[in-house]
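Here come two complexes built around subunit A, the first alongside subunit B, the second alongside subunit C.
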Partner chain A sequence: MAEWLTDNGLLLGLALLDGLAYAALVFMVAVGLNMVFGVLRIVNVAHGSLFAIGAYTAASVGIFFASLGLPAWASYVALLLAAALVGGILGPLIERLILRRIYGQEEVLQLLVTFALFMILEDVQKLIWGVQPIMQDTPMKFLGTVEVPFGEDTIPFTAYQLFVLPGVAVATLAGLAWFLRRTLTGRVIVAVTTDKEAAMAMGIDAAKVTLLTFTFGAALAALGGALASPTTSLVPGIGAQTIVLSFAVVATAGLGQIEGAAISALMIGLGRSIAVYLAPEFEVVVPYIIMVAVLLVRPQGLFGVLETRRV
Partner chain B sequence: MSATDRALAAPPRTMRLPEALLAVLGAAALVLVAFLAPWLKFVLTVALAKGIAVLGILLLLRAGQVSFGHSMFLAVGAYTVAFLAPAVPEALLLLPLGALLAGILGLVIGLFVVRYRDIFFGMLNLALSMVLYSLLEKLYALTKGTDGIRVSGLTFAGITPDRETQEWVMFGLALVLAIGFGLLVRAYLASPMGRALAGIKTRETRLEFMGVSARRVLLFAYVMSAVMGGVGGTLVAMTTRHVTPQLAYWTSSGELVFIAILGGAGSALGPFLGATAFELVRVYAAAAVADAWQMILGGVLLAVILFAPGGLWGMLTSRLKGRGA
Partner chain C sequence: MTHAVTRRAAMLGAAATSGSLLLAGGNAGAQQKPAELRVGITTFLSGAASVFGVPAKQAAEMLFEEINKAGGIGGVPVKAFFVDEAPGTDHLVGEYRRLVQNEGVHIIFASISSGSCLACTPLSDEMRKTTLLWDCGTQRIFEEGPHPYAFRTQGYGTPEVLAPLLYLLKHKPDFKTLAVINQDYAWGRDSWEMWKAGMDALKPGVRVVAEMFPRFGATDYSTEVTRLLAARPDVVLSTSWGGDLVTLVRQATERKLFDRSTFVLPVAEASLQTLGRNMASGHIIGARGDHWNNHPKPKDPARLAKFVDSYRAKFNEYPIYPCHHMAQAISAMQAGFAKAIAAKGGAWPNDQELANAFRGLTFDTPTSSITLREDGQGLEDQIVGMSTFTDRFPFAVPKDMVIFPAAMVSTPVGMKSVEWLKTLKPDILAQMAAPIAG
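Let's look at the complex of A and B:
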């Protein structure tokens, strides 16, 4: 065992650290998707495109900042600015112009409307940023690497992935929990999620809540993309990849679960990275296997509440 | 009333004559176009093949369920052809084989997914299709990954036709199968088993009160739709002569659902109408604006859902009714 650990342990450690960083990113996207579903009752297929556009915008703003000669720490401002821009502009635009027309319609149609949005945004992204890979890793380089102690050895790992990504994810989780439970706006959102009609009867402006939630969810997706952008080179298709993964996270957790999404993101992130280490061919399959296995045992997801059957 | 409900409410009996007439006219138009514009024959064959797969989606839509992973059955059919063609080049054997394998997979997956409804049904299908996609992509030694596999030469009833003839044979085969499956689906939807599908959509519990097993009804439809997906896939592989994992990607499944809604879920003709329109728009849009054809298709889809919820078929029939036909 000791020998095995010295041979393989470091790799496993690296895989676990990687999985943690990965889980943090997936959580950011999944939690937005989940909130949007809670209020709008729409599974937004275009949510992944917001992630991709957030990532590209962050890279562009970062490159622009660098060209102005701003210091490296400004690249963090670029990440936040990108998320705010994408969420603040695309969010209201999509909700007001398109989604608003399909509330309460058949699920199939709602899914397809967001699928159409996905197709459109995918090309918008290609038209703006082209198909060549874009790399902007100043935020990651800025913080350098850390030697993580592991047994007798240490593993070099970027501080960005070790501290910033999980840190932001935990802050998001805690912030959301506080926001939804302790602030008036948050509680209004929860009220609309639980029972829209009753909330409206109490005088809550559901249209406003919907707009707010969607914009917020879009900004979370864009922030996830912005945070992911320094760690990888951006290519077309990252949006499509991200959305299926966050579907898996949300379905595993159960619809409408915030803390649950964090746990299932962790499960799926770590599961995937352990697979990278044990059987790399099956890496991409693992999230879906986890999801299918969970749904086999608990059809409503790990933390989902069983809905009563319609009679 | 929602789009499909409205379409379902139209009594099938009174529609019989124009529907049959339109089917004949449509088939004749396809043949005519294939004659006049030989370069479109390929596009039309793929459209017919996809139409058969979409016909399967239609069955599930009747039950109010949307599978965002159905292209996995298409991929099974297509890869069956690609894997076996070097050993068994006979197209007329590969076709039923692809359908059979897709049907078996449909049964295995169906036994599991028919326990779920709505979003979970859609997501499970999506997840399983992504498993297949990932395997096709990653098991490079077997599948050559994203490069895909070239389909080797095929024989038809023992004959190896030249390229021009083979294109016609494939077109004819697709057309005949499309008509065959169209009739089959019509008969099925009119049968008690098919009628029960609509019951799953409206009030499943009532079905169970009548002693009908909703799961069995849905499973039967699911396996049937998997077989049709498999048939579509074998035809696509034989026509394009090249298969890639992209066939099983979730966006391909999305396209199939797109076609179903574009054509209109009200009639067995809808999928073919939708598939032809979809493929033609795709070809011409891709030629006109290479980087924005998805955007154009997405725009079309939005317009159809927001302004013509009955799909192309709905537009066509309301036009006919308007004239008092």
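Let's look at the complex of A and C:
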């Protein structure tokens, strides 16, 4: 074991750096999905579309800013603006026009409706942005690269990958924890998540809370997409890839668990990265192996709480 | 002229054509010239591969419009029926049958995905419908059995892998280590198997330091790039394409992987426009054929310029290789019908007569001529070169181009590609033409 670690320790160190960045992106999307489920009790398949539209919008706003001759740092404003735009416009629209009609309905119907919405939004993306890959990597290029020592060699990493992605994820986790536990609005959301009927009996406007939560969740998905956009090329289908992985994270964590989402995103991110080094043929399935292993032992997820079924 | 097929239209078509099929009585007897030449085209209209499928559809629409303006084929206007490949092969099989039975298409163009082609060719046998394989690359189609009604109007996987391998062996003969990063699906796996077979035959002893097959449609390659940076292979091979390749190249460029290893990208051409200046110079690039926009000596320069300029004027982008492949299939269709009609003294051919006309057919493309050999496989030359930037294009194009004659890099009829590649001898390098500056 010691010999193996000596041989592979440096590689595992690299895998850790890669896994952190990957986990950060997955967490941003999964935590929004988890919050939305906690309050709305709907598994929103269209969450992946919000990720994709956030990414496309960030690229478009970034390209527009560049065309205005704005400095490179403004591309970071574009990322935040895109998340706010998508969350602020699409979030309320989807919640008011579609989701509100299916609260409390059969889970199959909820899945079908959000899946239909996902398909519609996929086509909307193609109508607006076409099918050719779109790139806008100014935020990544702006910060340049960092040489990480690797034995006698060095490995260049982008500073965006090393610092920005994990940094934003940690800030989001801390901000969410503070918001949900230290602010009145956050506590109201927690109350509705815990027991909607009791919260309503106490005078909480549950409709307003669901609208707020969904808008917030949509903005988180869009922010995840916006943060991913400088590192990847945007093509049709990116939303589908993301939502499947996010479901794995959420299922591993337990539905409704925010810190759990962070930990399972880390497990899945690191597991995938280590697989790329040690057993690349398992890279694709590692997230799902982790999920299945966890669910076999704890069907409610790592941090999920068993609920008594209400009759 | 195109036509979006609705369910209702399909039902009406089914009712109408079921009667006409009964009257037609199969292929026997004289064929009446139809009011329109119906062409069923399967392509990706959604999903990740729509980066190929939609430009190809656009090219087909543009060319059909030109053909119809010029009087059609044999005096018959052409009408296209597009079908999306994205829902999968089960769906496609149903759509193929519907195109033949309900829409009464005269010819089918299938497909981008190799899986789609493998599903459609048995149907062409069963339904006796001439099917032009307009883009898919799997070598298995004609190596696993005859398909009398199927013809591939472009090259295929074997020459598309062998030509870049030969170019690499000539350009960088001293490489000792290699890593592969291909998409995790049939093409990614098959192309690596063929490359490995050829490389082991022509340059035994190359050490493969990493074999990576990330998920098809992956949006992040940073871990793979890190591993490649750590492994420092002399050569990195990737037959990836579309958004996957764009993402890989961008992440690799940003992290200076192109400075450490020589990349071989046999399918790069379709992504170069999107990559712009993000592609590095000095790496080996292919186009799945010879149809580079800067082809050094095209057979018909005026026709190539007209195609490129018309496409650019209409869609504000350069045509990529699926557009050229679509144009090749349309050229083959024109030549095939012309030959079949001439053979019948000006009368309209039936399905069998049409298929007969394609056997051994030679048709012109803007860059060269392609002959459909006896097994149905098209012999298309390959051009491989070294990425560079010129004043003419805002993206990388090849220089030091080598034209590989199709016969030199294609598996002989009756042999299987991997077995043939294992038999290659280094003297094949002596057959390579000198590079053309470009």
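A few points about this structure:
Operating definition for what follows: the second predicted complex is superposed on the first by the 288 of 311 C-alpha atoms of A that agree within 3 Å, B and C clash if a C-alpha of one lies under 4 Å from a C-alpha of the other, contacts with A are read in each partner's own complex, and residues count from 1 in each chain.
Just so we're on the same page, contacts are C-beta pairs under 8 Å (C-beta built on N, C-alpha and C of every residue); 3 or more make two chains touch, one makes a residue touch a chain.
Computed from a predicted structure; not experimentally measured.
Following the overlay on subunit A, a clash is recorded for the pair subunit B and subunit C. Of the two partner chains, both subunit B and subunit C are touched by A:K126.
Once chain A of one complex is fitted onto chain A of the other, the partner contacts of A:R101 are limited to subunit B, with no touch recorded for subunit C.
Of the two partner chains, neither subunit B nor subunit C is touched by A:W178. Contacts of A:L255 after superposition on the shared chain: subunit B is touched, whereas subunit C is not. In the superposition on chain A, A:Y288 contacts subunit B only, with no contact to subunit C.
In the superposition on chain A, A:V43 makes contact with subunit B only, while subunit C stays out of contact range. In the superposed pair of complexes, A:L11 makes contact with subunit C only, with no contact to subunit B. In the superposition on chain A, A:W73 makes contact with neither subunit B nor subunit C.
Shared-chain residue A:F247: touches subunit B; no touch with subunit C. Once both structures are laid onto chain A, the subunit B stretch out of 24-32, 114-122 or 132-140 that overlaps subunit C is 132-140. Where the contact sets of subunit A with subunit B and with subunit C meet, they give residues 122-123, 126, 281, 283-284. Touching subunit A in their complex are the following residues of subunit C: 46-48, 50-51, 53-55, 184, 210-215, 217-220, 222-224, 226-227, 229-230, 232, 242-243, 246-247, 250-251, 254-256, 271, 274-275, 278, 317. Across the complex, subunit B meets subunit A through its residues 2-4, 61, 64, 66, 68, 112, 115-116, 118-120, 122-124, 126-128, 130-131, 134-135, 137-139, 203-205, 249-251, 254, 257-258, 261, 291-295, 297-299, 301-302, 305-306, 309. Touching subunit B in their complex are the following residues of subunit A: 43, 45, 98, 101-102, 105-109, 111-113, 115-120, 122-124, 126-127, 240, 244, 247-248, 251, 255, 281-285, 288-289, 291-292, 295-296, 299, 309-311.
Those residues of subunit A lying in contact with subunit C across their complex are 10-11, 14-15, 17-19, 21-22, 25, 122-123, 126, 130-135, 137, 140-141, 145, 150, 153, 155-158, 161, 228, 231-238, 241-242, 272-273, 276-277, 280-281, 283-284.
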